[in-house]
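Paired with subunit B in one complex and with subunit C in the other, subunit A is shared by the two complexes that follow.
Let's look at the complex of A and B:
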């Protein structure tokens, strides 16, 4: 199925609803026979079908890599994502974020914070720009590292499984997206995601999440977070292309995924995680 | 843009997006109302299907209580949705793998079933009123009769068969509806506090005890308001039912909690910290001790001691009120408590209370009150009372 068909599918789905409403209003039983022509008619209406020139989603298998050993916690990725995708400029809504793990001598578990931590927000003196506060300068740190996080675009996404309307779905090229015009805003998917990757978009009153910048990748561009990373800690590409950066990243490293026990089968592959990472 | 959400305060580490609670007090009210529906229907079925004659005085009251609650079950969900106007997307184009998509079908089916059973049960009364009354209300009853004015013995026998059949279908429907609500929580693997195979069963049994308790309260209060004697045998029957089901519910909750802590999977440290600090009052004191242990002790003492008359009625009423409190605390501790334990397993959040607003406490209180306002009107239109009781059973 290509992007055109995805949109056709969406149009057809809405027509079922519209058809039913019309049928009910007319006092006519809404049978499959009466609806079928309406669906077909709507699906072929040319005005409803935008297209992405030169893009065929059946030919791609997108995946994402994170080399946690390279991340320097500069948070350009987080800011770029917010700007690119118009994400609320507050410390409660993120399509991507960065976690900092700091192990201090004499302590059994790592101290963890993200750019959204109130101390870090205070240090950045803005809720829209981010930096990690130098809060451990007086401690004896023996290990510290950063872990970028985002939607894992799982092969078996729990969020898609629970969505009551199918407003969130997995595309043929491996991206989990949300149809904001169809989402009812129940937030069951927010509950179901074990990674905390989803949030409620208060402005649109629907759920929201990372799309790997679907509007960019279908035009041959990189996701905004990958584009701005100064140390190539974030890698993105097509697994169907054996020479792509992501294929090489997965082939050349011993990669792992977050929470494999959930059975979600994430498609964000990590290098350099520690037992503390959740 | 004006901030339209209340961020939560937290300790430890939580994912940044977790600081906004997805579900608030409206989603506490939703399973509570659904539970009352299932529980009240159970009381009705105990008479209609299982022939517990003792419960005759409350059988019809139970049925219309169930109906009144069911009519308002969708309201907390609709108030919660970001786009309530799209709610029917889940019905007309359901996503079959979603438990939530089944709600519209379950609820729709069950409301129709309740309406049908109520119609059959009150048809003779409506026919009588349509004939006797010459005012506008008579016309209303006439419309409600739907052209079916035959109250011959044969017709009433046919009605009885319908009522029996509907009550039988209603048992799995009511309990399925509520077991399914438990499944909505229990099937999520993202939260250890919810992710339990016993969750549907726990929801189901807590539903039954809430419905029985509600009927006890409504029956006794209505008798006092109408200045008619309370049927002690009926109240005692409901008291025994409550006693048995509360003990079984406690057992299930104990097994679930024991299993959760014994397995001790990832994140259990945070759960234990939560349970032994923040949950001590709402869970151990309010839900477990005051809401369940105290009523069991009161009921056990009275049944063992052979208490009767006004004392028995007062004791059972008090126990029922405590059980109603137990179940709403259980719903709160599951829905809100589950979200207070961060998915990271390394942090705890504090639920930000909202009083006003679409999802605030006042809205939830309104939703919870509405069924009883409707019930107080409906009992005037369709009196469910059976006051011809055995004088030996009555108390002042």
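Let's look at the complex of A and C:
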């Protein structure tokens, strides 16, 4: 939905809600929830699939691959994502980001920085453009690599479980999205996500995160970050298609996921992660 | 009847309570009907209409075919160049450098913006203003970048110059000014016939003993073609050369270049003098364009090895004075003292040429 329309809609909704007596509303909502399913179903003729032209979500199972051995840390994905999805051009809000792990001789843990690190922001020309600074040239580095990160679109997403309004949900084709007209900005989901993939959009007062560019993939396009990646470090595709790039990526490589112990069952598969990466 | 009797006989406070509950129930259903979207629970515990709404957004990144429909020439250069190598997994698409659909100029990072008929009113083809900042995003040598990626230390590689001074950004292995887009392949035999007049200044068989002309034998063919064309178009102005090429056709220029580049230069190295000069020449800055030992690295810069010392010194002086303007050489020439200039000339004059 267009941002300005969304803002107007939310303001209007708030003024209506404000007019109702708070206690009455609470009582009504509690009662209504028990009756809701039958009423809602009776009120609409349920369609089988959402009305997206030329697209049937029951035929797809989207998944994402990251080959960390190929990533060159150019951050074109980060800027493309911001442009494609109108994410604020500041160094604090990202739907996808890139981390750099640097192991230095004599240090027990790796140093980790991302494009949002002040040193890296200083190396770029503005807060809306990103680059990794050449900051470790005088250190004795024995290992260093980049890891692109994004929402994992988990099979059992903790964020969806905690949402009190049904504003965030998992579509039948495997994408976790946010309905911004229903999001009340409580940020439970931001807390629940073990990957830090969600952020709060203060202007719209809603939570935001990666949607795998749902408006693109439903039109047969690749997500913007995959579209611009110059080295094929990011792979996207349909697991129902055994010949798709992602099916081959998963079949041909020993893939892993981030933090499998959380039980979220991520759908972003990684190649080339080191022990330090979580 | 029984119910009615029951309700009638029911104590008043119980009846009121039941009425109140019934009223709440009606209100709840009505409120629910008004407030909750009709598509809620259509597919699950969420507003079903939201799926189509999210999918409805318009994509901004359009892909290379979109660009190709108008920008065929840059597309052709790109598609055959090193920035389009899908077989080895390297593809730098148009929008990686030019922005989404050409329209990402929110912070005025770009110049030369033009609006075409297909682009929406506020979307423009954007050209990076500072190619040094753009190219180094991928090609600056930094910790963490995998070894298979081509990387340079920008200051050592190109001082403060823009990348596009030498590289065609659409096809970076093509060097600006070095493309021999020839319909006609140079003929050495024809070139020999046409080059009789050259011997007066450039020596017999293209080996010059000194001023006024440089040694041409063994010189890079692309460099020669471009130099001859520059004289013909007036881009390079020389009282001797300009009239010489004025009446020659482009094919003849190519033939002459083919002839001279096919020759061997035979000047003997001046070993001892050269070693002494090398200590203080500062010739290391020359190698990035002219190659190690002046044997040529890029087609944009000539071979220096085997040129006469007098010619090299004279050329450097004319660069420094501005008589022969050049974006790189004029600046470099000004940094050289007369002694350093002499040393550089001695160093390359003594280098072995092939």
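Descriptive notes on the structure:
Everything that follows uses one rule, which is that the second predicted complex is superposed on the first by the 227 of 278 C-alpha atoms of A that agree within 3 Å, B and C clash if a C-alpha of one lies under 4 Å from a C-alpha of the other, contacts with A are read in each partner's own complex, and residues count from 1 in each chain.
The rule we apply is simple: contacts are C-beta pairs under 8 Å (C-beta built on N, C-alpha and C of every residue); 3 or more make two chains touch, one makes a residue touch a chain.
Keep in mind it's a predicted model, so treat the numbers as computed, not measured.
Within the superposed three-chain model, A:260 lies out of touch with both subunit B and subunit C [touch as defined at top]. Once the two complexes are overlaid on the shared chain, A:179 sits against subunit C while remaining clear of subunit B.
Of the two partner chains placed by the overlay, only subunit C lies in contact with A:171; subunit B stays clear of it.
Note on subunit A: of its two partners subunit C and subunit B, the one contacting more of its residues is C. Of the two partner chains, subunit C is the only one touched by A:76; subunit B is not. Once the two complexes are overlaid on the shared chain, A:146 sits against subunit C while remaining clear of subunit B. Contacts of A:126 after superposition on the shared chain: subunit C is touched, whereas subunit B is not. Contacts of A:206 after superposition on the shared chain: subunit B is touched, whereas subunit C is not.
Touching of subunit A by both subunit B and subunit C, each in its own complex, is seen for residues 166-167, 182. Looking at the complex, you find that subunit C touches subunit A at residues 24-25, 27-29, 31-33, 36-61, 63, 83, 89-93, 95-96, 99-100, 104, 106-107, 109, 133, 136-138, 140-146, 149. The touching residues of subunit B, counted against subunit A in their complex, run 1, 3-5, 7, 13-20, 22-23, 77, 80-84, 86-90, 92-95, 97-101, 103, 184, 188-191, 339, 343-346. Residue ranges on subunit A touching subunit C, taken from their complex, read 1, 27-28, 31-32, 35-37, 39-41, 43-44, 46-47, 50-52, 55, 57, 69-76, 79-80, 83-84, 89, 100-102, 125-126, 128-129, 131-137, 139, 141, 144-146, 166-169, 171-172, 177, 179, 181-182, 211, 213-216, 218-219, 221, 224, 227-228, 230-232. By the touch rule above, subunit A contacts subunit B in their complex via residues 13, 16-17, 20, 88, 90-94, 97, 99, 112-116, 149, 158, 160-167, 182-188, 190-200, 202-206, 262-263, 278.
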